[in-house]
Structure formats: structure tokens, C-alpha cells
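Two complexes, one shared chain (chain A), two partners (chain B, chain C).
What follows is the complex of A and B.
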């Protein structure tokens, strides 16, 4: 462990917590200088999380459920808070849940951001959050048997599949509107999104009164896969495949979670290379989203032009990593490939071209007739809603909050540079787009800076040994926002628990508020503005995709609703 | 009563437009691909698409009724009737009963009515929204069209499309400025009627999964797509026949008609190229803002009336 008492960041938060709840704090354990796990009594859990969240500028980053019955006879919950007040650090509120009654007090009534996590932990571990307002399944499909909890250690072996228990979709979509509405189903497959997600829009004429949605149609069971079948280094390659766009961010987050847990010092040069590749990934991801914004507004010419230019970013990735996606570069302890002198020169040349071409395209986009009319004032995310639900990335920065993991909790090569953070106060799609545009040019500047004075030395350290049951966080700022991984090592050269939380997971819950009051025609545009990544979110459990998918679409019901429509759209 | 040669010409020009419609929409796709810096499909791609769709199975939603089934045929029939009456190759309308501006406007409205009705009949909510949008667009566009054409009729002293065209071409009108302004208003209305970006509200792909087209498949989709591209050509022919009739034949001589054909083809291609450039450099308008745009059209058309009164 590198942590020492003097350099620890975040001690005032603990002091405040002890002062507010004198008898609640049982234990504190420091994983690194800026990561501390505080064990609290189960009954004080909601109070402890809410105190850190609302009184000390905490944001809920993730929540980890863990089956620790073989270690201490209990289930464990870890609420990870990213503290972004005067001292920037991570405080993890930990509580043990008895294996006998399986109940814990829900945090959601005090901190709404916890809602998806608590629904998920209920699905995966069978722990019952008492007082959780929304008790529907989140992750498991409707035909999954009751009483089978995939992430428990004594759950059914991963090689088997449970028998489906229901033929029809039984999921209840929530509609809070006061007036009579008609239902417009967007999905499970819709023309503007190439991944399945089912949105129900409750509309009056063309105005969306309320919306609800469900994801997780294509779970890949990656966490279980990593825990049961893979060694530590294989999981870095699995993490690459969490996402088809921003997989490298996951790989870095996973690797650094294990490095933090074991106290491994990664060489500076490897850290810089990781940052360069993360920014390469950000460039092609943001260009993708800028193209999609054009596509959703019907401006396909812009879409095609952005994709033409994006090809340069892909070429860059191919040159630096050997594949068009930034795949297979990380190992625990460093990276597998160095950036050579010639590659450095080519990189500088390519990003110079990118800067010029993208600048031209942005000028065209901004001056396109009625583009601004489509995106300005549409899909508003109220800053207070954002504060309550802890969204991440350009979504939260577009609503005026200065949250960027690269600046707040500098990791990898970002320690070597000054990170600018761009925010916009418009809260609309235009703001999110402008944030992405600014970040694209930042990425170019960061790569140039890091290539200019790259630290010298080795790119990989293998001078460490795996120790069992060590755990820590690893995090990155992916193009869509913060990725948060939590890993606990096991005693069999495998992970005991790997919790991978992708950025879009935190952005889904606020989407409902962004859709309200807009028109049906803007819905795909609004969904697109969070740059959603379905597959990143859909990663947790083992689902027989074919069986679950083939029986879910209740078209008859939709048709019945459709004929009830009464109001014309223009009044 | 039209004689045999007039009837022959009417059928000939309707069939000609029908045959050329996929070529014109194919040309739009080529322009689109060029603007996208794509290779894109060839000029004849739409013929291949229609041929392919014709061989496919026709699947209908279980709740769809007779309106849904017959709409593609009604649509096609309306467009063909309009095509027979419009002065395309000649300065005069081959069948003057069909060439009246009121008849033409109502035939378009009939097609629109069934198009919207089929969307509601299909039972899909996207088609339903597309249908209500289609009707709303009709309410917004038709006044502009009416006003502009009535201006022209007022100036020429007839509601016959051929007579208006002849009057415009010869300059025998009360006020030239009024004609030009009315032409501009009509051009705007025609552009909206084309159903191209930024006004392809009912068939907006990203927003409504192509609206009323959503539930069609196989031969009926082919017929519908063909009718929609025919509609675009007919609408342009309508505009050209009234406001840009230059080059069309004054009589029924073979040479004159052929020359008229060449003139019409050139005008059609030029107009579609211009439309292609416009549609690929804009975003789709927000549906709620469309009334503001159509008010502009009404404004221009009213301006033309002012010019008529002043006599400029």
C-alpha cells in the first residue's frame, strides 16, 4: 500500500461523518491516498450516504453488491461516492447485509441516484431494499424464474440456462401523467438506434407527457464470466469488449482498479500512452455523436461528412494499436505497445489534419439552416434533476455542472497535464453538442502535449504479486462520462468480484425528465444526445438472448392504444 | 369534347411520366450520394428496387382494413389522372376537363386524404402520427397553392391550366410582377408538396419510421413508392405547365411535341438538381414550426394579390 496517514485526502469528510452520526461508523480502510472505505451500521446507511451526497458535494458513482458469505457470512453493499468538494477523493460507504433476512434500508428515498443500483442488486443478489419506491425488475427478463440470483456465488452454474417461466412481456411501464395519453412504442428495435431498448412514450397529440423505458435486452453476463472463467489479465481484454466505441476506457478502468487494489506503481510512460489512446478514442466517439446529431435532425449530408473525417481517427487508432478500435493494449501494470518516434510524427500529422477538417465541418454545421432550431431548448435537463441523479459526461456538463473525472480525480497520464473542463448552461441538446465539440479540440491538444514531452522509461511493470481479497476502485472519463470499476481479487487467480459500471448507466435515469414536454419527433434526437451505449449498460447477467427476445413484443396492446388517440397534434 | 389525338396525347404523357418517375427519383439519390461523398447507387436503382419489391410477399397488419389495401391503387390512379390533364408537352391541356386547376387541387387532396386514412387504418402509432401530420401539412399548404393559382387564374381570366400557361408564356397578363410573385409562392408550396427535406414531415424516417409507409410491404409498397415518385414529377410538371411553359408545343404536330418533350425533360432535370442541393444541405424543420414557414407562403401569395390590384 502506498497510502500513508499524512498524504491521505478526504479525512475531513470522515470527521464530519463521525460527528453527524457518532455511533454509525465502525471502521475505515484506505485503499489508496484518495480512496477510503467506511463501514457503517446497516441502519445508518441511507443517512450516511445522504450526508456525504448532499452536504459534502458527493455524487453517486456506483454501487457494488457482493456475496461475501464465504468471507464473513454476509452480503456486502458498497456505495461509491465521488467527492467533488474542496478535497477531491472517493469515499465508499460500506455496510454488511445479513444473509438471513437479506433486507437493507433503501437509500433511494434520500438519494434518488441510487434507484437503478438498488433495483439491480435486488435482481442479482436477492437483497431487498426496504422502502425502494420502484420495485420492478431492472436487469432480469420477465421470464426469469423467481429466486434465482445470478451473481450469488452459489447460483446456477454459468453453463446452464434456467427454463423460461412466462410467455409474455409483463413489465409495467410507469406513466405519471395526469391527462389521458396515447402510447408510442419506440423499440425494442427502432430505426434510429441499432441496439435494442424499449421506450414507451406517453403522448398527448405529439407532446410527450411522460416516458418510461427498459434496457438490458442483450445482457452478456460479463461480470459473471470474469469471475468464473477468466484470469486477471484476460479480463483487461474482456473489458475492451464492454463497448464497441469506448471499450478502451473500460480496459483502463479495470486495470487501474486492480493496480490500485494491489498498490502497483504503473510506469509514467505507460500512463501517458494510456491517456493518448483514451483521447484517440474520445475523438472518434465524439465525431460519431456529432454525425448522429446531424442524422437525427435529417441532415444526412453532415452525418456522412463527419464519418468521412472520423476515418482519420480510426486510422490513428489502427496505427497506434494495430486495430481500428483501440483494443488489446492494456495489461495489469502497464501497456503492451510503445509509441515509437515515427508513429509519433504520423500522429502529430494526422491530428493536425483532423483539427483543420473538423473545424471546417463544425462551421458548416453551425451555419446550417434550422440546425440550431432543432437542438436549442430541446431535451432540457434541469440542473437540480442532474444533481439528484448523478449523470456523467457531456450530459451533466451540458447542464452547468463541472464534473470531469480527468480533472477531479486525475488518473493515468492526466496527472501530467492541466485539464480544462468545459461546461454549458443551456441544459439542452445544443449545450451537450457544444461540450462535445470543445472536448474534441481538447483531445487534440492533450495528445499534442503528451507527445511533446512523453516521460521516458519502461511501459510495463511485472514487479508485483496478486494478494487475495484486496479491492479498490478504478475509473476513467470515457467519451460518454465516467466509467467506474470495482474489483476484488480472489484466491484462485481469478477475480472474486468485478463490478463494471459504464457511463451511460448513470445517464439513463434522467432521460425520462429530458423527454417530458418535447414532441415525439424530438425523442430520437434526445435519446441520441446522451450518446447512449446500450451494450455498455447491458452487461451484467446471463440471459438466453433468443428465448427472452422472441416473445416480448406486445403489438396487439400497442395497436389498441393507438386507436384510442383523440387529439390532433396542432392546437 | 377532346378528339382521339388529344386522348392519345393524354395517355402518352401519363405513361411517360409513370415510366420516368423512378428515373427521376434515382437521379435524386445520385445527387444525394454525391453530396454525401458516397459512391451511392446507380441511376436505375429505383427500377431495381421496384422490381424486387414486386416479387416480395405482401404482408399486412391484422387490423388493417380495405382502405389500407386500396390506398396505393387510389394514389396511383389520382396521380395518373392529374398527369393526363396537365399541360406538359403542349401549351394546352390535352383533356381540359382534367386540366382545371380546381380539379387538380382536389385530386391531390383526394390522394392525400387516402394516404392519411391508410396510416390511421394500419393501426401503427407511427403511421397514425404520420397521417395526422400529412393532413396538417395539407391544411397548411393548400391555401398557399390555391391563393397563388387563383391569382394566376385571375390574371389570365381562366381556371384552365393550359390557358393560364399560355397567358403567362405570351405575357398577355394584367400584371407581370404579380405573376412572378404568385409563381414564387406556388414554387414554395410545390416544394413542400414534394415531401422533401426539410418538410418530409409525414414520412420522416428518423422521427416516425417513414410514417404511413411503415406498415406497407412487397407489391403495395412498390406501388406506393412509385406513386410517390410519380407525385413528385407530376407536381413539378404542374408548376412548369403553369408558370414555366416555355418550349412546349403550341399544336399537336409530332415535331412540336418532341421538342416540347426535350424542353420539359431539361426543365425537370434542372429543377430536381436544385431541389437535391437544397434538401441535402438542411436539417428537418421541427414540425411545430412548419406553420410559421407556410405563413411565409401565404404572405407571398397575398403580396401577389396586392400587385394585381395595383396593376404593376
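What follows is the complex of A and C.
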């Protein structure tokens, strides 16, 4: 916070920005040595974001809308760019939007990655992105009343549930195909994911020509809840529940955003413990995905075996945190539980067993004859599409981009180690799976390294005071990719604004391109390869537009078709 | 295929006998919080610490009671209550079997009586809380006078304390009040 100018990383980007847009930059504010918020004129916003994105190796990490009318009379937008060129840092492009006309120039035409964020800020704050090609609702349901913007400070109580204004869904699904297609809707309770989503596959025979989908059927209003009801420490437990698989990554990201904002120096030992637990979480998450890859390629014995071995990672979490899943270990300023000598020894023993057992299972998986045929060359994500949309995690690394928050912007205990980054050039499901396999073994090595020489000292600092209206980013590399949190403290022992962006949010927009050109039977496998959370409660509706008939089949049938690939349900 | 068969035979039986045999959990597993009403002083520290508001406290002035309650349906087993409790009255147990036949059975209550202000008779705080604080202060008091003063401060309600202060000030006299300025 109070760092000297010499240690600040990212100044060349600001110099380049000032040079290219001489009158646009109004102010720069440094939150940490590698985090800077640059205020630009609203009119130059798209140009500033595009310059950093395409000319200086920036990737769009998140965008935050904020109702700052009580502070400065305006709404604010913060476009968070992860700079991954010569200097690794975060540059946040900030602009104020007038509360009178509520309009801002859309960044999406220049940087496609901004599309979901701008649709969301339109829903939540009623700000109008002028020039946004896709003006459909993203987060709010179709039956939500017009003019009620949930995240505005004066709009509504977090418990309020407005009456629906329409009986049926009016969402328009986009089909870019030139040929005549059949529509295959999957969902609203969806294909392979816990989170219900409505998929529309536009197919020509068995081939997917285009796809569109609608998410946020179970939007839980967590940001509003945190801002209105909970204290700073309580939100760490709420963040634990953002995801049922990788919740701890969110908890760390949230805690570090507040710590960065207030300039809190978290003890090294706490940081190492956070990293150890993050890797524990990655192990069980990657084993889950590997198991599901087996399942969707029809290799159910492998699925059972991976889940059996995964139990060791769950036991490890239970021993270290007291709970198998929601670790509840973070507080602002550190962690609540230390790793004791006995636990250290048990951990080393367990991860040793995991390494040997998973190695054997991987050997079995890759030598299964059916496996490579089902995943190689399927669900291709073009590296240029990836560049345009800023996906994260194994999805982007499977398309050859070397992006890993642990290496690029070392946080928590990752500062203490050399972090290897694995990429694959195949761009297909196989590549993403291989990246996950490599990362699993990395996790074991990282835990071993951190347990070998864990820093000593306290695990929690309480030597700080909350100051109002301080803001900063906090980030982690969750198993599915970068989690990005942005917090602004308030003046009432509560957050003024908490923006939580889960990794899969950045991966959904590219899924459409991954589905194109593949067969319907590969769809569950492709959706599974971005590793959303799974559920088996779905039903699939098949609508043949040409023949004007519709047919509903159980999701089980769709899944069976994916695995066996005989007796197409489309016939 | 052979590798897989070998793996299957090597593993043997992977499942547990649970629920027909008890399932062992890790040491320090965070399960159902157990409340001990005997050591609880109804200070409400846990209700403030509880992130999901599973623990709450309700005061019934007419009946002169304060009711502490926990809803195991809302509990997230984080253990913040255990950390906040000054008397160790609530602690997480390894018990994870919480299913009940009726929803109401998920809520556990403890009723405490309120202490009245000796001056005005209005209810002030839980009697056990007042007694707990008084006990600490009288033990640490340097003199019997200080102990008596502590007793007055702890057991009197804020309104009566204010009234008392005003009366004290009025007794001092105008000149001295001006001097102190």
C-alpha cells in the first residue's frame, strides 16, 4: 500500500497508455505494488481496455460495476486486466458513469471477452452499454420486473422476491448457422452440470452447427447478501459456499482482496497453509473430473476407481480442516487452524499413496482403447477464440496459452515455490485432461515442498483496523482456473461492494465454439471438459423444427447415448 | 484390461459398513455444536459470531426471560461460536448424524431469566451474565469501596446510571462544574 515507486510493477503499461491516449488518463491509484487502478474518461474506455488487452498481453479477468452514488454521485465500472506480458500485474481500467443518463460505450465490439460482464452490469445496475451486440438479459430471469436493478444500493432488500411479470420464458437463443437446423434444447435443468442451465443445440443431422445456452437459473444473490447482512469475517464462510467443489479458492480470493485493500500483511505460515489446502482441493477436484471423463467415455469401472482414490484427498481435507468440503479455515488476516507435526506426517503418507495409486489409474485410463478415440480432436477450442474470450484454467492451458494465476501473479504460499505451468497444444478434450493429470501430480509436489520447509510463526494477524472505501483485487487459481474477487470496504463494518467471479464464468462463452462441428453424442463430454459441476437430474427436450414436432427424452437417455453411441434418440 | 483387473483385486473391499457400523471421523472433526446451558451466561457473543444466523437470542420482557436457540438446519459447522464463547459453553462435537423426523426438532433452546435494575425494576440483562461480570469485577477490585461501585455500575440499567450521574453533578454545585471546564 505504502510502497515506494521503484518496487511498483506495471508502470510501462501506464506509460504506454498515456502515450497512446494522451488526454484519456485522469488518475492512477495503486492498491498494492502490482495492482493499479487507472481512471480514464468514459469515452476512451473501450480504446483503453483494447489497448491493454491486445497490445500488451492483457486478459480480461473480471469487470465490476459499483453503485458509488453515495460517494461521488456516479456509477463506476472497473475492467480488471491481468497483464501477462513482460511485467506481470493487474491493471484495472476505471471509469465513472453518470447517474443521469446511465450510458457507457460498450467494450465488447473491441474485446469480445467483455460480453457477459456488460450484459450482467446492465441487469444488475441498469447501466446501458451502448453498442453492445448482445442485449439479452444474462443474470436476471425473463419474468423479472423491468427497472428493478438488484445491486443498486437503493433498489431492494436482499430478501425481497418480486412477483413474476410473465408466465413463459421469452429468452431468444442465438443461432448463427447458415443452413437449416434442428433445435435440441437441453435443460433448463441441464446436461451435465449441477447448476441448471438451458442449452439449445442447433443440429444438422447429428452434427452441432451452433449452440446457445442460458445460465443463472439458481442465482443466489450472494453479493447482495454479503453487502447487506454480513461482516467481513462472516463473508469468508459465505465465499466457501460459492462452489460445492472449489469453494476454498473463493474464500482465499475474498480474504486476500480485503487484505490487499487494507494492506494487511498475512503471516507467511498462514499463506503456506492456504496454499497447501488449495492444492488439497485441486487434487480432489481433478480426480473428480478424471473420474467423470471415464464415465462419459463409457469406462465406468475407471470412474469408480478414481472416486475410490479421491476419498484419500477428502480424508486429507477432513484431517487438516475438520471438514471434508467446506473448509471454513480463513479469516481476514490468516487462518484458524495450524498444521501440527502429526498431521504433517499423515499428510505426507496420504499424498505418497495418492501419487502411486493415481499413477496406476492414469496408466489404465490412457491405455483403454476407447479413450483416445473419444477425446482426441473433440471439442476443439481455437487458440484465437481463447485469446479473444479470456477463458481460464485447464481450458485455456489445453489450447496452448501459458496462463496460471499461481505462476503469473503468485499469491498466498505460491510465492515460496517455483510453480510449473503445463500447457498442451491439442486444443481438445484430451489436452485439457492431460493438463489436469499433470497438475494433479504438481499439487502433490507443491504440498510436499511446502510441508518440507513451512515458514514458522503465527497463523493469524489481528493487527489492523478496517478503513472505509478501500478496494482491491484478490485472486486464486482454482482447479477450474482463476477466481477473481474485488472488494470495497464500507463504513458500517460491512462490505460496500463484493464482486465475486468464479472461474467457469469465463469459460462458458467459449463453450459455444467448442461445441460447433461436433456430434450430439459428444456434447456431454465437451461440456464436461470445462469441468462445471455435475448432476444427473436432467431431462432433454428434442424439437425438430422442420417437422414441427417435439420429443422429450430423459437425460439418462442422452447420457447413455454419449457413452454407448448407439440408437440415437434423435431418430 | 489386465492392469484394471489387477487394480480391482489389489483394492479388495473399498466400502465401509456404515450405517451398520459406526464411521470414524478425523480428530477435531467439526460436527454438531453441543450447548451446555449450565455454563452459558446468555451473553450473545455466539449470536454475533455466527455467520448464517443459526444461533439467535430473543428477549421477552413481559415474561422476564431471554431465550437462546440454535437451529441445526441453518448451522454450517464453522465453529465460530466455540471461538467466541467466554465460558466454553458451546463446543463442536464429532456427531454428524443430524437427521430428524420433524423440522422443529432441529432447533434447540435454553431459557434464561433476566435480572432487574435495582433502581427502577426494569429488566436489564440475563441474570447469569450480570452475576458473571460482577464476580470477575469484585474479585479484581482493590478495595471494598471499588467493589461496591462496580456492583452498582454492572447491575444498574443505563437509564438509571444516567439519572444517577446527573444527580451527582447537580449536587456538586455550579462553581466547581465551571472550574472543571
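Here is the rule we go by: the second predicted complex is superposed on the first by the 524 of 571 C-alpha atoms of A that agree within 3 Å, B and C clash if a C-alpha of one lies under 4 Å from a C-alpha of the other, contacts with A are read in each partner's own complex, and residues count from 1 in each chain.
Criterion: a contact is a pair of C-beta atoms (placed from the backbone, for glycine too) under 8 Å apart; a residue touches a chain by one contact, two chains touch by 3 or more.
Just so it is clear, the structure is predicted and the values come from calculations on it, not from any experiment.
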item	value
First (chain B), second (chain C), both or neither touched by A:38	neither
Which superposed partner A:305 touches (first chain B, second chain C, both, neither)	both
Dominant contact partner of chain A by residue count, chain C or chain B	B
Which superposed partner A:115 touches (first chain B, second chain C, both, neither)	neither
First, second, both or neither for A:262, with chain B first and chain C second	neither
Contacts of A:297 with chain B and chain C, given as first, second, both or neither	first
Partner chain(s) touched by A:206 [first = chain B, second = chain C, both, neither]	first
Common ground on chain A, meaning residues reached by chain C in one complex and by chain B in the other	301, 305, 308
Chain A to chain C touching residues, read off their complex	230, 233-234, 237-238, 241, 301-302, 305, 308, 311, 315, 318-319, 321-323, 326, 328, 336-337, 360-361, 363-364, 367
Residues of chain B defined as touching chain A within the complex	32, 35-38, 61, 63, 123-126, 128-129, 132-133, 135-136, 197-198, 200, 204-209, 280-289, 291
Residues on chain C engaged by chain A in the complex (per definition of touch)	3-4, 7-8, 11, 14, 25-30, 51-52, 76-80, 83, 92
Complex interface listing, chain A residues touching chain B	182-185, 190-192, 206, 294-301, 303-305, 308, 368-371, 373-374, 519-525, 558-559, 561-563, 565, 568-570
